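Below, each structure is written out as structure tokens.
You will see chain A twice below: alongside chain B first, and alongside chain C after that.
== the complex of A and B ==
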């Protein structure tokens, strides 16, 4: 017997729906086994997860609050990915955005300019941080996966340094926090919950990016560079410019996410700005296949995971790391399943000439 | 001669700190030589670190821990091999998910290990060498350090002087030609990824059982990524990997020692150094590489035999 793998000529449309759904279910099954292994009833745990997110006003708005930064990091990964680049550094770009915005919030004056400047500095800081790997990639072809990732550590240590040192607040006891921001540095909130205006802006950014990459010549150039560099060259598109600019846009969006988290949620700079949203952006971008509107959908899935994950932690003491496991499993199952969309498998006799 | 003594102890500590990096880098060199990039090294190492710690804690035998660490690394690598070699899935995607999977699983399963004390690997004094001046520091290492040193010429021999090494090279450079010559491309790649995972897992176990002597969440702290850079730095040659690994081991040690001396530099800046230095080393490597050392030509590309319709 010999297994023969052949490229499919056409793929039934239904496969594209079956695979993600089946992958999510299979991942839930696997995670369920892990939960059983530590003595937690998975059905109960998933029940808590869903009832937290959909059962209360707080939980439901919290779903949006947690989804918003994931939309942004998903976009921060997606745009460079369309140009053929891996931005694994959204986490660090987010931290740099949080730092710059906090700096403005704590030290700038007069109040009226603070919030706009926080946004501007957040964008610029994320952009600046992403420009390093972007430039090194364009100029020296330095592996952007490694450089973006390593810069995350540097950014996180930088923020830690600040909140343990020069930016540590006066009334925070021994916590690694800055002082609370003044009211004028805080994004407006609604419904008496943590639902802040940044959530809405995140959705608008996703739509704007959708328009940018599908309706403009820039978006077209990015796509060509990512999918067919040779054709891009013939069309006279500068690959280097696209590489750097795609990284800059991604970095700016991640930087805004950092600004949003400190100004909308934490209301101060702290050592733990993000629980890993930058990394979550990677599976989100992969599931969305680079489409910003699908990024919103995928981000909701992972937002639900974060809301549910913290509910499971408080109820059952399950480490939030389970969220990472779920993320990895979903993507692995989907890309594994993709194999069956691209290839058909048949069995032939051993020794058959291929 | 306090300086010389300090230097000797620094070298010794660098070797100890560099050994996890050495194992993972050597393993990744083999995998990449075959044409498979395993970006999941961080996840593989951390799995080895936690599993090794756990098994040593339970059995009281650190050697079983090291073995278990290797097997944990191998199992994660098995996922990578299955996806990238058998299913021809994008190597970067699978590798990145392996990082998440490894960090997630160890964070989840290792929650009760935090703060525990396992049985650690003890150093062995090499009789004659340790009696030469300053040898006492350098030749009083745990056995894994010696195995790591021994692995370097072994892998050099394997890669350069054996049939397996030739096949590995052929598969990584030009899989089509290798296939035509009857070399089983997929089998060689599969095995190379598994060897890589096993070694990286052992490296992780050495980290938790001989160097850090503790389990914390995300213990590897980016070492897997540093190793990926070290592979490039070494030009895919085992004999160069050892210098890179010990250099970074030294950097790790130095940042702690300078902290202890109290140079007035913030702890956080010290912790940044290895990551910044890695980028600089990488930059140096890619600039130099243009002239001389090349990556395996087929690195990162799945090999799919020509399709017939």
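== the complex of A and C ==
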């Protein structure tokens, strides 16, 4: 048999659906092999994951709580991605948002303005953090992958420094925590669970962003820049303005995610505010191909993994790191799957002798 | 076996004599039998039989999309055929890569050169070649060999010059020597004259004749009838992926070839009526600008484009045409000088403002600058005016679709729907899309850069007529083209650009190819 690989002239739409689905399935398969290797029946493990997320009220609301920040980071990656930029820095932008919101929560008053100011400062801090790589890219064409990635560590260690030092709480027994926020700095919760109002806001943001990037002239300009920067300049669109603004919007959303996590979930600033949601945003954006509505869908998948991951840890003693493995595999398979959008593969009848 | 060797010593052979030789010899070096190549939706080659005799110059003629390049890419091992077989130099061959083809003795000079810019000509020629002292490089041996080749075929190159500093013609000569260095028996040249001045073209033809005399076989891919008639011994015409005939060059003529190529009678010459031109629309005053590498590209350009005229700009590409196009559009910064549009100084205006004033442009790089490939056809049709298609900041998709349907119909853009990605269109249809967009904006000035490059004869006819009627409506056209025939046919006035300067401006009546050719290659006219 002879395998023929050829460049595609056009890509059938179905390929764009098959690739993400196949990437997820293959990743599940690979993780399954890993589970087998440590003596766990993968079907059983996946079963536990599902029953945790869908079997109990706590699990089900927890699914939403975990999904919400992933929606936001997924958006934070998606918008720059549409302009052709890789925002690997949603994690750092989230941390800066968490820091700014916590600062407001702990030191500002009167109470009535605290929550709105937390939102505002969270947005601004994420924006400011994202503006650095955005500006460097627009002005000096500095690779945004490197600058966003490296700034993550700066932000994460900055928050760690604060909670080990100046912002460490008085009653935390040497844990790297700030004091608990006052009630007025906490997002309302529902159903007697951790389901907080931020979850609903996350969905609303996704819809708003969907409208912004698919229906408005700004979204159209972003799309042109992402498709062909030279054509954008030719059309009178300032590539630099689009680059910076797309990064700013992405950063603001990630910053809000940080605010939401401290105000809705942890109720204080602490080290490890996020278990890597900023990075999870990358496969989410890739799976969704930058479409905010699909971001919601893809975020649920990863939310499920986070919820299920902790269930697997308690039931089988599997480290939650398995979630990271799964994420990495999805990214690899999607990027690898891109090959099939550009090339077609066919199988010949029989070998030919030479 | 070099049957032409002795003749070389005596004197130059004329081509007729040689054809006789070939006929006597009549040994086939290449047979391609029933070659079929199917791409999605297109049969690029449909059971093509193609034969080439040893020592001849064989023209492969056809319109864009006729399957010439596909056929040659199959021969050169770039594509695998879906059917058919290739017999080369007496045996059946199957090439899996260009490497196989080169080993067998086939060389190809592509339309876009494959040279390393920062290396010297000699190093480029040696690239990937194992000299006798391998793994050490034997420059002494190589230089001797290249110099001998250069002398034998009359192909002059400065071997120690870096490719980046070479003219396009010289780069092409490096490519040819690179192929010859590898002892090819068959050399394929893909549209080699498209980048050359008339003088360089003559030189190339001379070299090709020398190769043929020396027993080398040449396949010359072209869509220019005149050139095929001038230099080849036989011509094979492809149309829509089929071989529609192989002719002996001296027994045929331009008209017959055109009919074979297109499949119907064609109007080869389109006449533009002489018109009195009116007010100046665009005045370019002492413009200086740099190219992408930061070197001076425009060195004091002065030019006026008037209402109702087509001003043709002749010149070999790379002499500042692209920079001039970008300066007028507004995507390139001006170092010095002024642009006056309808009496208004627009030097500092951004692209958007110039678009609004009525400056349209068919850019030279269609796909790189002219369109956003992943966007749909209808989106590309509003690319430069998208702000006009909004209501309170929201895109008005209904009007966008109507607009697209109107233009698709009016300009004959072949697309399955306005909603498919523009990159799925063929080159000719992308061209139509851009022309539709730029003309439908009802501009005052149109900069048309190589507007017919890559089009088939019908498309060329269409675009040229469109440009003429556009000028007749009282608009101004700046036509930048490497195709001198096109310039001569369409222009009211002709400006020649060379190394960033205008070297002469003629009214059409006083312009002739020879004068323009001299100025294009940097020469001066005697007064």
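Basically, the second predicted complex is superposed on the first by the 316 of 354 C-alpha atoms of A that agree within 3 Å, B and C clash if a C-alpha of one lies under 4 Å from a C-alpha of the other, contacts with A are read in each partner's own complex, and residues count from 1 in each chain.
Just so it is clear, contacts are C-beta pairs under 8 Å (C-beta built on N, C-alpha and C of every residue); 3 or more make two chains touch, one makes a residue touch a chain.
Small disclaimer: the values here were computed from a predicted structure and weren't measured.
Once chain A of one complex is fitted onto chain A of the other, the partner contacts of A:28 are absent, as it touches neither chain B nor chain C. When the two structures are aligned on the shared chain, A:271 is found in touch with neither chain B nor chain C. Applying the stated contact rule after C-alpha superposition, one finds that A:140 touches chain B and leaves chain C untouched.
When both complexes are overlaid on chain A, the residue A:117 reaches neither chain B nor chain C.
In the superposition on chain A, contact of A:149 is made with chain B only, not with chain C. In the superposition on chain A, A:217 contacts chain C only, with no contact to chain B. Of the two partner chains placed by superposition, only chain B is touched by A:279; chain C is not. In the superposed model, A:197 makes contact with neither chain B nor chain C.
In the superposed model, B is the one of chain B and chain C that contacts more residues of chain A. Shared contact residues of chain A, touching chain B in one structure and chain C in the other: 6, 9, 354. The touching residues of chain B, counted against chain A in their complex, run 39, 79, 83, 87-90, 92-94, 96-98, 100-101, 103-109, 111, 217, 221-222, 225-226, 228-229, 232, 266, 268-269, 271-272, 275-276, 278-279, 282-283, 286-287, 304-305, 307-309.
By the touch criterion stated above, chain A contacts chain B in their complex at residues 5-7, 9, 34, 37-38, 86, 88, 136, 140-143, 145-147, 149-151, 153-154, 157-158, 160-161, 164-165, 279, 282-283, 286, 318-329, 331-332, 335-336, 338-339, 354.
Interface of chain A with chain C (complex): residues 4, 6, 8-10, 215-221, 223-224, 226-228, 230-238, 344, 352, 354. In the complex of the two chains, the chain C residues touching chain A come out as 39-42, 79-80, 94, 329-331, 350-355, 361, 363, 365, 368-375, 379, 383-384, 386-387, 390, 393-395, 421, 423-424.
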